[in-house]
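As written, the chain order gives the labels A, B, C and D, with residue 1 at the start of each chain.
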Amino acid sequence: MAATDPMLDSGADFRTRLQTWLPKIVLAPSFAVMVIFVYGFIAFTIYLSFTDSRMLPSYDLVGWQNYERLFRVRQWDTAIINLGIFAGLYIVISTIIGLLLAIFLDQKIRGEGFLRPIFLYPMALSFIVTGTAWKWILDPAIGLETTMHRWGWESFQFDWIKDSDMAIYTIVIAAVWQSSGFVMAMFLAGLRGIDNEILKAAQMDGASNFQMYRRIILPQLRPAFLSAFVILSHLAIKSYDLVVAMTDGGPGTSTWLPALFMYEYTFTRNQMGIGASSAVIMLMTIAAIMVPYLYAELKEQK
Amino acid sequence: MGFLDINNVTKSYGAVEVLHKVDIQVDEGEFLVLVGPSGCGKSTLLNMIAGLEGISSGEIAIKDRVVNNITPSKRNIAMVFQSYALYPNMTVGQNITFGLEMQGTPKPERDKAMAEVASLLQIENLLDRKPGQLSGGQRQRVAMGRALVRDPDVFLFDEPLSNLDAKLRVDMRTEIKKLHQKLGTTIVYVTHDQIEAMTLSTRIAVMYDGYVQQLGTPKEIYDTPANIFVATFMGSPAMNVLPAQLIEMNGAIHAEVAGADGPKHLRIEDAPDAYGNYVGKSVMLGIRPEAITDPEGADRNAKNIQSLANQVTVTEPAGADTFVTMSLGGKDCVARMRADAEANPGQPFEFAVNMDKAVLFDPQTEARLA
Amino acid sequence: MTMMKKLHLGVAALAISATGAVAQEVEVLHWWTSGGEAAALNVLREDLAGGGIGWTDMPVAGGGGSDAMTVLRARVTAGDPPTAVQMLGFAIQDWAAEGALADLNALAEEQNWNEVVPEALQAFSTYDGNWVAAPVNVHSTNWVWANTALMEELGIEQPGSWEEFVAAMQTAQDAGYTALAHGGQAWQDATIFDSIAMGAGGPEFYQAAFVDLDPEALGGAEMVEAFNRMATLRGFVDDNFSGRDWNLATAMVINGEALFQIMGDWAKGEFVNAGMTAGEEFQCFRVPGSEGTVTFNSDQFAMFNVEGDAADSQVAMASAVMSPEFQIAFNVVKGSAPARTDIDPSSFDACGQAAMADLAAAGDAGTLFGSMAHGHANPPSIQNAMYDVITAHFNGEFDAETAAEEMVTAVELAQ
Amino acid sequence: MAVASSDTAIRSSNVTRTFIYLFLLLFALFYLMPLGIMLVNSLKPLSEITSGGMIAMPNEWTIEPWLSAWSTAQIGVEPTGLRPYFINSIAMAVPAVAISTVAGALNGYVLTKWHFQGATWIFGLLLFSCFIPFQIVLIPMARILGLLEIAGTTYGLILVHVVYGIGFSTLYFRNYYAAFPTELVRAAQIDGAGFFQIFWRIMLPSSGPIIAVCCIWQFTNIWNDFLFGASFASGDAAPMTVALNNLVNSSTGERPYNVHFAGAIMAAGPTLLVYIVAGRYFVRGLMAGSVKG
C-alpha cells in the first residue's frame, strides 16, 4: 500500500510537488539504463538473429534462416541436451546438499562459525579458478586417481572428465561444489527465521524429527526454495566460464552448453547471426522460467 | 466550522471507492474515536487527515486551513502508530526530537521540549536507550512523547494500544484519557476496540464498509444505535437482536418473540409513532444483555419491566456477573445477571426485561425505528 | 598503468619534447603472453622505443587468440581500434573485407615485400592486392617431434612412410611406452588430422577438400582413408589424453614416456627449455606421408585504420616487424621460420634450418599450404565445423565413413 | 559430543549427532580440497608438479611462485606481475560496488515505500535483467562505450558493472525493505523528514545486514568478472582476472603451473577475505529478508 500518493493539483507548493516526484526521479536513471542496456540490447539481438551478420553486425534481413540452421547444427542439440542434464542435476543436487548442510548446521552445532565460511567460500571464487582446480583434481593422470593409486588403492578409477559420456557430470560436480554452500546459507537463513514455538507445538503433537522437517519445516522454507531455484537456474543457463576452464567443451564437443555455443558461434566462428538466434532461444528459455515466477511473486505482493 | 473539518471526503483506488462521502466536524479539544472492524476505512481516513494518503474528492481543513495539498509535516499534526514506529537506530531522546530537528528547531529548545515531555510521561530515565531495549509500555510512552513534543493542533492515534497486553492496555487507556483531560488537545483516535472507543471518546464515529454508520456521543451510540451494525458492534456482550413480530394487544404495542415453549409478548410503552407502521409486521428487536436480568436485579428506575418466563440453556459465571443464555426468536439471547441470580441450565427462569432500553430495527434496511 | 611504465613514458615524453617531436605510440593487441614469446615481442618494442615510439601493450591470452578477437571486435565497434593486432589467417581477410585495415602498399613497395615473402603467405597479408598486414613468422605444423634416446633404445629409425610410422609406434607401444603423445583438444586433434589428410590424399586433395571445399573431396575415399588413419593413431594415444595441454604432451616426449608427438614447431621451445638440442637429444621430421609439403600458419600484425601521427608510428612498426633483425630475433626464440625467405639461417638450430629450407622448397614447388587446423585454409566458421567432426570421430562418436559424410554436412551448414 | 541444548525444539540422539558431525566434516573436506590443492601446488617448485602428482605434499617448499606471480611474472610484454592489475581491479570494483549498491538501495526504497502505479512492473523488468546472458551485450555495449568515449577505460568498466549490477542490488534491497515497517516512514514524514532524509536517517541506519549481502554479492561478481574486463578494458586498465588469464592461458609457451596457482589464489584473495570476514553478516542479511523473495 502506498506510503503517500497525495493527488496533488497545482495548488501544492513547489517543495511538496518535488517530494511527490522525487521517487520517480530517483528511479528514472535505473529505469532508463535498464531499458537501453537490457531491453534495447535484447531487441538488438533479436534483430541480429534475423540478419546475415557474420563477423560484425549486418543489417540485411534473411528471415528465419539462422534458426533453421541452428536446429540443424549437431552441437546445438548437444548443448541443449547437456543443459538439460546439467541444469537438472546441478539444481537438484545443490538444493539437496545445501538443505542437508543447513539442517545439520542448525542443530546447535559446535564450530558452526568455523564450518560455515568453509561451506560458503567457493562462491567467492571465480568459475575460472574453480574450473581450473577441478580440472586438475579430476584428471586421472595427475589428480585424484593417481593419488589413490599411490596410496595403494590400485583399482581406483575415476576418469569421467576424459569420457565423452560422463564429462558433463564432472562439470556438475564442480558447479555443485561452487554453489551448494550458497544454497546452504539461504536455507540456513530460512530455518533461523522459523518460529520455534511452531516446532514445540509440533513436538507436542507427537511428530518425529523427520516428520517435523517434512511436514512443518520444509513447507515453510518455500521462499528459500524459490530463491535458490531462481539463482541456481540462472547460474546454470549462464554457465560459460566454468565449462571453458574445465573442459573447454570437450572431450570433443560433449560438454558444450548453450552459452558456450553462443560465444563460439558469435565470436570464434564469425557466425553472429546463428549466435544471436541461439541467444534468443536462451532468452526465451529464461523467460519461460522467470516470467511465471515473477508473475506469481509480484502478484502476491500487490 | 469546526477545528478539524472533514467535508464530504471520498477515497478511491482506481475505480474502487473505499471511503464514501465522510463528513465530520471536530471541535477543539474533542476526542473523536473512529471505530469499526478492520477494512472499514477508519485507518484510511486517519491517513488522509495525516496527509499520508491523497484525498480523491472533498476537503479536509485544520483550523480553517484546507490541507489537501499540504505535506504531512506542514499540517501541524502528530501521529502515534500501532507499532509505535520508533526509529530503531536512534535513542529515545533522538526519537522524540527528530521532528523538531527536521523543522530546524535549535538544539537548546529541542532539549528543553524533550525534558518537559519526558517528565510528563515519566520516561526521563529512558532517554539514552534504544527502542529495542524498551518494554511495550515504555515504547508506547515514547511514541506518545514523540507526538506530544511537537505541540500539534491535532493528535492522531492509529490503534496505539493494540500491541499491549490486557492489563497494560487498560492502564495506558487511563493514561491517555488523563493526558487528554490535562492538555485539552484535539485527538482523532482509531481503534477496533469498542471499549476503548466508549471509554476514551467525547464522540464516536462508527465506521463500516467505507461509510460512517453513526456519529455521536458514546451514550447516543450505545443507547440509540442507528442500525443493527452499530448496535451489535458496540457493547460486550453484543446487543441481542431478535426477530420479532409487532402486534397490537390490549391497546398497547407488543413485541412477539418465539420462546423455547411458545410465543412471548413484551409490551412496549411510549412507542414512537414510527412503530405504528410496523404493527403486524416483522421487526428486529434489540435488547442489551444488561437489560435482561432476574426480577430482583432489575433497574429500579426503569418504568417498563416485562417479565419473561423462558428456559435457560447455558450459564456462564464471570465473577461479578453471570451470563445466562436462553433461546429467543430462534436465536441465543444473552442476559447479564448478578452473580447470585439462581438460573440453572435446563430449568425455566423468570427473566425481567427492561423494555425502556429496547430498540427496534427494520429487518430490511436494518435502520433503527424512531 | 604501471608505475614503471609511467616512468618509462614520462622519460620518453621528456626525451621527445626535448627534440620537439610529437609523442607517438602504437597500441598492440596480441596473445603472446608466455615468457619466451613476450621476451621475443619485447625486441620489437625496444626497437620502436629507439625510434621514439611508445608501446601500449594489450595482451589478451586464451583460446588460441579467440578471446583477443572478441576484444578486437569490441574495440572496433567502439570506434577505437588498436594500431596493430596479432592475427591469424582468414581473420585478416575478414577484417580487410570490413574495410577496417590500413594500406601498407607504399612501405611494401619501398621494401620490396612482394619479392621476399612467399606467395602462399601473401595470400593472407594482402587483400585485393593491397598489403594490410605484416607477417611475422611461418609456423609449419606437420612436424613429428621424437625422443632420440627412446628411438635408440627401441631401435627405431626415422620412419619414411606411413607404414613405417605405424610400425615404429607399434614397437613403442609393445615396449610399454606411449607411442604418440597427444592432447585431446579440438585444435590438437585437427593439427594431427591436417598432416594425416595431407599424407593420405596428397596436395591436390588437400587443396580440394580444405581450401576449395569440394563436397566430393570432403566426402571422398581419401577423406575416409584419412579418418581411418586417425583411428589408427587413436590406438597409439594413451587413455588419459583428453583435455591435456599440448605442452604436457611434449613433456611426455621430453621425459621419455612417449615416443612421438605431432605438433607445430612451437613445441621446440619446450625441448630447448628442457636443455635439449635439436638433432641430438630430440629429433624433428615431417609427418610421414607429408614430406615435401608444408602446412603452415603465420602470425601477422594486421594494421588497423588509424589517423594522423598514429599512422606514422604504424608504418614504423610495420617496417620494424619486417626488418631481418626482428625476424631473426623473434623466430629464433619462437621456433618458427621467418616470414621472409631471404634471411640468413645461421642463427637457427638444426630444426629451424630444416624448416626454412622446407619452406623455400615448398614455396617453389607450390606445395606450401595454409593449415586447416590453424585457420589458414578456410574461414573460422568452416574450420570449427571441421573441428567438430574431427574431434567427434577421434573420440569415437563416428566411424570413418560417417565422419566423411558429416564433414560434407558440417561444411555446408557453416557456409 | 555435544548434547542438544534445551531451548531448541529439535532433539536428537547422540548417534544421530555423531553422524551429523561426520557428515559436516566430510563436506568441509570436500569444500576445502580444491583450495588446499591449489595452495600446496603454489608452494612447490615447478619440476615437482610436472614430474609428480598434483596432490602430493611438496618435497621442497618455496614461496618463489608467489613472489613471481605478484611482481615479476610476465603479463604481456612486461614483467610486472599481477600487482598493477590488482590495483586496477580495486579501482574498478570499489566504485562499481558502491554505486550499484547505493542505486539498488534507492530503488528498493522507492519501490517499497513510495509505491506508485507501474512500480511492480518496473521491478519485474529490473529483475528479469539479472538473467540476461552477458555475451549478447558485448557488441552493442562496445558501441555505446565508444560513443561515450570511455571504451577501454576503468570508467567504462565501472559503468558496465553498475548497469548489470543494479538488477540484483535492487532485488536484495527491495525484499529487505518490503519487510521494513512502513509506519516508520510515515512517522518520519509526519516528523517533517523529506525523501532523502528518510532514506538517510531512517532506512540506511537499519540496512546494515542487507548492505553486507549486497556488497558481498556485487563485489564477488564484479571482481571475478572476466568477460567484460577482457572486452572493455584490456591493456593498461585490465582487471586482475584478465591479467591472470594472460598469465595462465598463454598459448604456445612454457607453463609455470606453480606460478599460475599462486596467481589464482592471489586473484581470489580479496573475495575470499570478504567471505571469511563478512560471511556471518551474509547469512544474517539473508535472514533479514532477502530469502523472502
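General remarks:
The rule is simple: a contact is a pair of C-beta atoms (placed from the backbone, for glycine too) under 8 Å apart; a residue touches a chain by one contact, two chains touch by 3 or more.
On a predicted model such as this, the values are computed, not experimentally measured, just so you know.
Note on connectivity: the fewest steps through touching chains from subunit A to subunit D is 1.
Farthest chain from subunit B (centres taken as the mean of C-alpha atoms): C. The interface holding more C-beta pairs in contact, when B-D is weighed against C-D, is C-D.
Subunit B has its Cα centroid 54 Å from the Cα centroid of subunit A. One inter-chain figure worth recording: subunit B and subunit C are separated by 90 Å, centre to centre, where each centre is the mean of the chain's CA atoms. Averaged C-alpha coordinates put the centre of subunit C at 38 Å from the centre of subunit D.
Across the assembly, subunit B contributes 51-52, 71-72, 74 as residues in contact with two or more other chains. Multi-chain contact residues of subunit D (touching two or more other chains): 138-139, 141, 186, 189, 245, 248.
Multi-chain contact residues of subunit A, defined as those touching 2 or more other chains: 2-5, 19, 56, 139, 263, 267. Chain pairs that touch one another, listed by label: A-B, A-C, A-D, B-D, C-D. The touching residues of subunit D, counted against subunit A in their complex, run 2, 4-5, 7-12, 17, 20-21, 23-24, 27-28, 30-35, 37-38, 41, 53-56, 103, 106-107, 110-111, 113-116, 120, 122-141, 144, 163-164, 166-167, 170, 178, 182, 185-186, 189, 194-196, 220, 223-227, 241, 244-245, 248, 260, 264, 267-268, 271-272, 274-276, 279-280, 282-284, 286-287, 290-293. Remark: subunit B residues 51-56, 68-72, 74 touch subunit A in the complex.
Subunit D makes touch with subunit B in their complex at residues 181, 183-184, 186-193, 197, 201-202, 205-206. Against subunit C, the residues of subunit D that register as touching in their complex are 50-51, 74-78, 80, 84, 138-139, 141-143, 145-147, 151-152, 230-232, 234-236, 242, 245-256.
By the touch rule above, subunit B contacts subunit D in their complex via residues 47, 50-52, 71-74, 77-79, 81-83, 85-90, 98-99, 102-103, 146, 150.
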